[in-house]
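Report on one structure; see the data block that follows.
Going in written order, the chains are labelled A, B, C and D, and every chain counts its residues from 1.
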Amino acid sequence: MSVMNYSDAGKVALAECMRADPTIWAVGEDLGHGGVFGQYMGLEEEFGPERIVSAPISEAAIMGSAVGGALTGTRPIVELRFADFALCAIDEIVNQAAKARYMFGGQAKVPLVIRQPSGMWRASAAQHSQSLEAWYTHIPGLVVVMPATPADNYGLLKAAIECDDPVVYMEHKDLWPLEGEVPEGHTVEIGKASVLHEGSDVTIVTWSKTRHVALEATKTLARSGTSVELFDLRSLWPWDRECVLASAAKTGRLIVAHEAVRDGGFGAEVAATAAEEVAGLKLARIGAPRIPIPYSTPLEDMVRVTAETIIGAVERLA
Amino acid sequence: MPDPFPSPQRVLDHYATMCRIRAFERMVIRGTEEGLVKGAAHLSIGQEAVAVGVCGNLRRSDQIASNHRGHGHTIAKGADPEAMMRELFGREGGICSGKGGSMHIADFDVGMLGANGIVGAGILIAVGAAKSKKMLGTNDIVVCFFGDGAVNRGPFLEGLNWARVFNLPVLFVCEDNKYAATTRTEQLTGGSGPAVRAESLGIPAKIADGNDVISLDALVGGLVEDIRGGGGPLFLHVETYRHIGHTVVDPATYRPEAEVEEAKTRDPIERAKAFLLDNGTLEVDLGRIAVDAEKEMNAAFELARDASWPRLPAVLSDVQDIGAPA
Amino acid sequence: MSVMNYSDAGKVALAECMRADPTIWAVGEDLGHGGVFGQYMGLEEEFGPERIVSAPISEAAIMGSAVGGALTGTRPIVELRFADFALCAIDEIVNQAAKARYMFGGQAKVPLVIRQPSGMWRASAAQHSQSLEAWYTHIPGLVVVMPATPADNYGLLKAAIECDDPVVYMEHKDLWPLEGEVPEGHTVEIGKASVLHEGSDVTIVTWSKTRHVALEATKTLARSGTSVELFDLRSLWPWDRECVLASAAKTGRLIVAHEAVRDGGFGAEVAATAAEEVAGLKLARIGAPRIPIPYSTPLEDMVRVTAETIIGAVERLA
Amino acid sequence: MPDPFPSPQRVLDHYATMCRIRAFERMVIRGTEEGLVKGAAHLSIGQEAVAVGVCGNLRRSDQIASNHRGHGHTIAKGADPEAMMRELFGREGGICSGKGGSMHIADFDVGMLGANGIVGAGILIAVGAAKSKKMLGTNDIVVCFFGDGAVNRGPFLEGLNWARVFNLPVLFVCEDNKYAATTRTEQLTGGSGPAVRAESLGIPAKIADGNDVISLDALVGGLVEDIRGGGGPLFLHVETYRHIGHTVVDPATYRPEAEVEEAKTRDPIERAKAFLLDNGTLEVDLGRIAVDAEKEMNAAFELARDASWPRLPAVLSDVQDIGAPA
């Protein structure tokens, strides 16, 4: 068991996997100098530039060459720097990586991980702040993972690397320095939610950075006597339907909260599924307004989901 | 280095493969007319020498990435035409289990990494496959086929630059049939052509007659040898022409008739035939090769037509391991 | 009033707008020869190659140059050929077109139309059949329109061209030959659903080609005594919430049916909104399974939403 | 055609604009240190001659598209530094109403179409703006600034080819500071450089010293005249260096110290100063220009710092006309 931050947890997971399997390689801009957030610091020294590949500014080629590599016996880890830049490589992710196995009738699998640091971070404005996880959940062939703690980043990145599917792996940029315990040999199964709090009055489902906001709200609500059952989905495709539906059936109230734009967000999928399955469920979705992320800090703050917003929604559902 | 004295057997083999490709694609026309091929099919009639002249220099463990016009590449790399025809007819036993069709034809067993419905996409898949080759310590190479229209897409620049800076074992083959769908490519392409673009990205380039399988074969032999030796990526611009429309159903009225007729005088199969006759092969032997090819593809056609449909539950398989549909 | 097909209705709308406003231009591959589906046939002859621009195979430049044009006083209509190829121009649509007005504090608007022929058509397989409307509804700044009849294609394309926002305009490839009446000077307001059938037992919400399937189901159900209220949303952003919510409140049952993948589809947004707003609502979503579209006709047919599927869902909700 | 005898007043003006850009960016460093600039800011300290030598040849109605390193371009094109500083501090009266920040700085009134957070995206916006210029019957031109790193992105190929085939009035300016973030660009760029790539796409290209505002000014004057005359797109590769890190907070340890020191000896402001002194301008006059620039930017800093925050309801405005958030 050791304490490490979210960034290092990912790095340790990657390094352990690379030591065990010589066919794994990582590719992205500036990786040789540690990557833009330092998540790869020191890895080029250990694994060399053939396995920690510093790429030109060619997102399509970064992603497309990884698809080619994955189809032919190696296991690429793609670093896209900001989730927003993945938009320069969408054909390669959606038309190629996600569909190749199926289109070719199962002749090859596409074992690759597509790291896309996501979310709002330090006044980064509209082109460096997006949370687009909902898009990837809608694309057959893709797995979608969004860890929110060091332990989950360690366990889920390992699971993603070991998995033979293309995994969109979204770390949250605001969580890099977050410290936490990572048990030795820790494993996390893709598709299993983590239960952060058991309760009976209302179910809250969330993921990524909003997990921490929701936990704060849960604690505040506990003090005023409202008992919340709180889940961090951790992976959005597959997502832990059973767990959410059982809890929603128990509490009769469901709130889904995420940082992404509310309209058309993955919260809609969770809420709609629960509404189909649980009769008489009361529900509310919380997310960003449908606006690009503004730069100015007070404006940017208006986009963020806060504990107060969540508490307000719980109160309105009561 | 082009070999001025090609072995007659080698030319004969190339002739046979070209005849097989042509016969296969004639059956695709028939299949389309009879409603057996449902999706769009892009044929390489008139361009067979490119697939054959290139793939004839590859090992089974070398790999190719193709574009939407991929039947010829696939056959030349060694795939089974019957499984291909079943695929185009959407039947059980299709090479992609009926899920891909013409535009996604692939045979990983023979190193054919797939046609592609997205112009230019194969370029990036090829450089990635070449990275695998290098990492896995083989001296196999990868060939990427694409059209003259693809040189205006971003992946052309990104993929060629990538191959150069990482010194990957790729041969880029730009199969220039002068048109991209209804558009005469040169009207929408700046500069002095694909080879100059490749050289500007640091990749040595050659230009060749894509309808002469003999000289092409020899030229490619040298290029493949250089790449296999670790010399890094090379580029080949081959000039050819498609005899029919962009898809089977395209009447191609945008091309001057005289241009088409002139191009047909350079039919790669007729040229190989003329060479072989000049060099002592008997007309009757060539005739038998052509007839055999037609028989083979006719049999493929009939077996595919009579094959059953895929089992319906298969629609949900081979999507993904984790989170697959139930 | 005249009868024309869906394809010509779009062409007539475009030609009328181009005659009225010399700053409008269209750009896409093969437009000079009528476009891949003939929707531009004859327009180059009338407007010349400066306004009906035949483009190289450069989707990023087609889209990006349209953004630049829209920011500087002209009004581009982008033709992307197949919605699937829009994935080669996603940065330009999402990071540039959708955000420019906001990022620049309203200094310029982005009046452009992005035509993306969508949906399944004639065994076109995984890279030529997608319905990705849900993606665009999730992106602030974009308007999303999906007409299903000649009259709507005429009226909505005009409205899209006249609008100062970037409009993702998705025609369905299987509807090109569909004939229908287009009243002289017909107008349609973006954001208003069309009511195809009034009823009291169940509300069905749909759009694009599935409108026709749902109408068939509605008629069958009427014969067996089930009274359906059927809406074609026509535009997905904005969408006609008021209309759907009022009907759902009246019938207490809501079905949302679309051709796109069900998981994470826009049906989730409609269903979740209704579940939030209408207490005790019973609901069901219908869409494609989460698989790439297969080529083989019997397999492809399994992906299609049919009248039987809709009728089955209505019966289960009863 | 470079003019060997530049007018002293013109050089003095350029000197003044370079001083103003430098002074502005020094205030951005201070603003970052004091926590007033919250987002990433990319500075052009050391590269000012490019913005000034190019924009000095443009009319107000000419337009420019920029990249992430856009303060210098914006000031050189005539924007108000106070409104820019308010923007960087996220305040009321910001040039983009506080919604954009450094990476989206823009001033459409003076023909500055925006910085861009996506490397290479401005290239396509520029060609589109040039299409508007042409369609609207003006003889205005568009200039596009981008870095050496952008030449490896697909839009470089697509945009340059586009400008060529549609003969659009664009000047492409590749501002080569040798690095793309932490990466020495030449290590990841195949071929013989940006100018060769441009020429392979049919666009005539020049290479120039980007730290000599005088020769650059003269060279660009000729290029702009050619483009304005309808000659079609041109390309300019300028060699320069950024004195500090990629962003304000980057210590740039990946660059050899000697390289940085050597580059600083070619400081464009010092070079213009030396020229002016050699040609009779008084040291005291140059000093006053520098001091005025500092005063101006200091005042901009203070006004921005003391400005109020944007009104919160504005967060919902300027998204779209139809379907805007309520």
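The definition used in the following text is that contacts are C-beta pairs under 8 Å (C-beta built on N, C-alpha and C of every residue); 3 or more make two chains touch, one makes a residue touch a chain.
Please read all numbers here as calculations on a predicted model, not as lab measurements.
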Quiz item: What chain lies farthest away from subunit B once each centre is taken as the mean of the Cα atoms?
Solution: D
Quiz item: How far is the middle of subunit B from the middle of subunit C, if each middle is the mean of its Cα atoms, in Å?
Solution: 36
Quiz item: Just curious, how far off is subunit D from subunit B if you go by their C-alpha centres, in Å?
Solution: 46
Practice problem: Using mean C-alpha positions as chain centres, tell me how far subunit A is from subunit C in Å, no decimals. | Solution: 30
Exercise. Check each residue of subunit A and list the ones that touch at least two other chains.
Key: 55-56, 58, 60, 84, 88, 91, 95, 102-103, 125-127, 140-141, 237, 289-292, 294
Self-check item: For subunit D, residues that touch 2 or more chains besides their own
Solution: 94, 96, 98-100, 104, 116-118, 152-155, 158, 161, 165, 188-189, 319, 325
Quiz item: Among line, ring, star, complete and other, which one matches the pattern of chain touches?
Solution: complete
Exercise. Mind listing the subunit C positions that touch subunit D in their complex?
Key: 23, 25, 50-51, 53, 55-56, 58, 60-61, 63-74, 76, 91-92, 95-96, 100-109, 140-143, 163-166, 190-191, 237-238
Quiz item: Which positions of subunit B touch subunit D when the two form their complex?
Solution: 152-158, 160-161, 164-165, 187-192, 196-197, 199-203
Exercise. Would you tell me which residues of subunit B are touching subunit C in their complex?
Key: 38-40, 87, 90-91, 94, 96, 98-101, 103-104, 116-120, 149-150, 152-154, 180-183, 188-189, 254, 309-310, 312, 314-316, 319, 325
Exercise. Name, in rising order, each residue of subunit C that touches subunit A in their complex.
Key: 84, 87-88, 90-91, 94-95, 98-99, 102-103, 125-127, 132, 134-135, 137-141, 237, 260-261, 263-269, 271-273, 275-276, 279-285, 289-292, 294
Quiz prompt | In the complex with subunit D, residue positions of subunit A that touch it | solution = 29-30, 32-33, 36, 54-60, 84-85, 88, 122-128, 289-292, 294-299, 302-303
